[in-house]
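Down below are the structures I want you to see.
Two complexes, one shared chain (subunit A), two partners (subunit B, subunit C).
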Partner chain A sequence: MDFYFGLIQLIGVHTLLGLSAYIVLLTGQVSLAQAAFYAIGAYVSGMLTVLAEWHIVPALAVGGLAGAAAACAVGFPALRVKGLMLVIATLAFGEGVRIFFFNFDYQIAKGDIKVGPLGGEGFRQIRFFPENGWTTFDVMLFIWLFVVLVMALLWWFDRSRYGAVLRAVGEDEVAAQSVGVNLTAVKVSAMTVGGAIAGIAGCLYAHYTTHIEHASFNVLVATFAIAYPIVGGLQSVFGTLAAVVFVQGFLVEGLRELGDWRNLLFGALIVLAMNLRPQGLFWRRGA
Partner chain B sequence: MLELKGVTRHFGGVRAVDGLDLLVPEGCIFGLIGPNGSGKSTTVNLITGLFPLTAGTILFRGERLDDLPTHRRLQKGIARTFQNIRLFGRLTVWQNLWVAQNSPEDRARRSFFARWLGGRRRARDEIAHLLEFSGLAHKADEFAANLSFGEQRRLELARALAARPRLLLLDEPAAGMNSEEIGQLRERILALRARGITILLIEHVMELVMGVTDRIAVLNFGQKIAEGSPAEIQADPVVRKAYLGGGAT
Partner chain C sequence: MLADLLQNTLDGLAAGASYAPVALGFALIFGVLRRANLSYGPAIMLGCYAAALAHGRFPGLGLGALAAIALLAAVLAGAYVERLCFAPHRRGSAVAAMVASFALWMQLEEIATLMLPRHVVAFPALYEGEPLAIAGLVLRVEALAAIATAAAVCALLAAILYRSRFGLAVRALVAAPLAAELSGIRPARVFFLVFALASAIGGTAGFLVAATDAQITPMMGLWLTFKGLLATMLGGLGSLPGAVAGALVLGLVEAHAQWFLGPQLRDFVVYLLLFSLLAAAPRWMRTPSPS
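The block that comes next holds the complex of A and B.
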């Protein structure tokens, strides 16, 4: 049973990661920095619960704020460039953050062991949940509480004027600014909200795995983050959830017994899904 | 209302607009005509700030616009339509107008308190009124991409009006229209002027330009070659030469 709870936790965290890219994609920007905001949320909140012995909830809030602050700071210079140049700029930032954590040591003694991030060895013993007696099931519910909250927030955005403005910018920047939309403000705000969501996802990830390291935040993770909303389609937040279930539940776990063949099939199935349903997995054509 | 002084824009070695002086008085319908490539659309893009000026200055209601970004110029009251229609195709007709409500009044109305004090209802009423004016009320929930060509043109005009402009720049609004549609467009342009909106009309369709404008300027190779009333322009030999070709003088 714990295997399924673990899978559901993973799907929850990846859904949040995908949603952090979803809102940025609505404005037509492709950001490969989402893994970096995810990493910042993970390390910041992990250090707060382990080193400063905070409760998970304030640590989660600060992790989200740290992700948002990093995204806002990256957003201003990075969003001056577009398309492929933005992909490169955000990729460089993401790798920079990963390498920072690869070299980041900050350990303190706690009893007879030392805790805290230790460079390439990673950050072990993020044991807030087991120390406080949370079961896997409790943690799963906690993660999904945030998945539901974030999905509700983005769903509400989509129905508000703000959501229409985001999509307008994504469709035609020249027309959007010509009808009075401040492109910089809209893009940076979308990036900031995405950074906050990624920071929260990182915090939840760090605490349910109890062990993070730089490799957990590499460019593959950043690619997955943008792949989910693209595969699921940008019509609705539910597309991203569906894509995570499809990729993590079916492609990664469901095909595990195929061994090495899985990786081949994995790529082929994504290509097939994108060809058969270019508008996203579960949406009508033209809707 | 709008004044261009020595406005110049070079693209590499090409002088798209070269030392253009133009004075558009308040409340008039001002025509800007010229052969293809004469710099008309570039002039619109310079006035709205999509391109920076190479030289010169632009004044709107006595205020310099040169350093303002495009969205700030719209908030000052300058709205436009595009020669090649640029709607938000995957938003509905209604949303296209909603997104465009960016005048200072509308922005104030969306502030935290004002939106609960009837701000939302007034925004909706305004959109309903614009839909009525452009004959699109029955298409409010249709995706803009699914509209016919004529409907898209009308929606683009309505979207420009959603910003409550004082000055409206129309970049070839009659392109591709039949003469019945041109007649309706002409009625709309006159109705807008009656509401106090100043209009800069860029157009090839002489049937429309000559019938509706108060004053016309003619561009050729980025320079103004003539300016006057429609009757004067029609009689001007320089203009005839620019349009019909022939040896340069």
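The block that comes next holds the complex of A and C.
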């Protein structure tokens, strides 16, 4: 049973990661920096619970804020460019952050072992959940509480004036600007919200795996983050959730039996999905 | 100190020369299709794996035959990527094409590991003798080969683009797609051939890189895509002379950063430079100039 709880935890964290890219994509921007905000949230909150012995909830809040602050700081300079140049600028930022954590040491002695991030070896022993007696099921519920909260928030955004403005910028920047939409404010705010979501996802990820390292935040993760909402479609937040279930639940876990051949089918199915439904699996005309 | 600087500059130019054809192929695809091909490097990597497989099965094959195999396999893999990721999205979403090419990247890496399951695979070395020593500086013979190849590829590409009917069709499609189509140029066919040409250029470059290192790993695909992207971006999107200049700058920056700051910070410096340049967005990077 723990296997399924673990899978549901993974799907929850990846849904948050996908949603962090979803809100940025709504404004028509492709960001490969989501893995960096995810990493920042993971390291910051991990250091708070392990080194400063905070409770998970304030650590999660600070992790989300750190992700949001980083995203806001990247947002201003990065949004001067568009299209592929933005993809590369955010990719450069993401890889820069990953290399930073690859070289980042901050260890203190705790009992007879040393804890804290240690460069290429990663950050082990993020054991808040086991130390406080949380079961896998409790952790799963905790993660999904945030998935539901974030989905509800984004769902509400979609029905609000803010959501309409986001989509207007995504559809046609010039038209949006000509009716008085402040492009910078909209893009940077979407990026900041996305950064906060990625930071929260990173915190949850760090605490349920108990071990993070720079490779957990590479360009593959960043690409998955944007692939989920694109495969699922930008029409609603449920597209992203469905895409994560499709990719992580079906393609990765369901096809595990296929062993080495899994990635071949994985690639083929994504390509097929993109060719049959370029607007996303759950896109409906005129809805 | 001065000797170190000169040596680093020389090494950087040599590395830049080996990146230049990679960047040219990438810039060619982006300049014509306006789509980023994440599977560009993995297709080349697969070509090199085919050559490594042939080298393992038939040790008698010479370097020329292996290079031909690598080139042909890279073109086939490139054609496969074009058919699946770019032909269906020619008028549609650029993001969908990018995600599809990401999915194929995973597929191509998997094919490579199925072909040769070990992580590091031996590759025939280009040259086994001592490096050349000129006035206290060391120059590898492989570097000379890389520079010669880069120059030859530039000349050949210029000849194709500016001296042939196909090149005229490519330039017409870039300058005025609708007018080109109305005058009888078939975009689907031209795009396919551009892809094949870019893969052939990339295959040549990839073969040289693999033969210089005398080994390949599946990571080579990602590495090639990154070097192509970075160099193309440094030189200004879609500009072919810019891609070559960007490749040389990338090689120089890497060589000096590695010497002064160490291998870890080398990549960091490159990404920092690229991010600051893009954020400052000088004019040559902002206005893509297809040529």
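One rule holds in what follows: the second predicted complex is superposed on the first by the 284 of 287 C-alpha atoms of A that agree within 3 Å, B and C clash if a C-alpha of one lies under 4 Å from a C-alpha of the other, contacts with A are read in each partner's own complex, and residues count from 1 in each chain.
Criterion: contacts are C-beta pairs under 8 Å (C-beta built on N, C-alpha and C of every residue); 3 or more make two chains touch, one makes a residue touch a chain.
Since this is a predicted model, take the numbers as computed values, not measurements.
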{"item": "Subunit B versus subunit C as contact partner of A:61, first or second or both or neither", "value": "neither"}
{"item": "Residue contacts with subunit A in the superposition, subunit B compared against subunit C", "value": "C"}
{"item": "Which superposed partner A:176 touches (first subunit B, second subunit C, both, neither)", "value": "first"}
{"item": "Partner chain(s) touched by A:103 [first = subunit B, second = subunit C, both, neither]", "value": "second"}
{"item": "Partner chain(s) touched by A:255 [first = subunit B, second = subunit C, both, neither]", "value": "neither"}
{"item": "Contacts of A:141 with subunit B and subunit C, given as first, second, both or neither", "value": "neither"}
{"item": "Subunit B versus subunit C as contact partner of A:7, first or second or both or neither", "value": "neither"}
{"item": "Which superposed partner A:167 touches (first subunit B, second subunit C, both, neither)", "value": "first"}
{"item": "First, second, both or neither for A:118, with subunit B first and subunit C second", "value": "neither"}
{"item": "Which superposed partner A:72 touches (first subunit B, second subunit C, both, neither)", "value": "neither"}
{"item": "On subunit A, positions contacted by subunit B and by subunit C", "value": "none"}
{"item": "Of subunit B, residues touching subunit A in the complex", "value": "48, 50, 69-71, 74-75, 79-80, 82, 86-91, 95-96, 98-100, 102-103, 110, 159-160, 162-163"}
{"item": "Of subunit A, residues touching subunit C in the complex", "value": "25, 30, 77-78, 80-81, 83-85, 87-89, 91-93, 95-96, 99-100, 102-103, 219, 223, 226-227, 230-231, 260-264, 266-271, 274-275, 278-279"}
{"item": "Subunit A-touching residues of subunit C, taken from the complex the two chains share", "value": "30, 36, 38, 84-85, 88-89, 92-100, 102-111, 113-114, 222, 229-230, 233, 237, 264-265, 267-268, 271-272, 274-275, 278-281, 285-286"}
{"item": "Subunit B contact footprint on subunit A (complex, rising order)", "value": "161, 164-165, 167-168, 171-172, 174-183"}
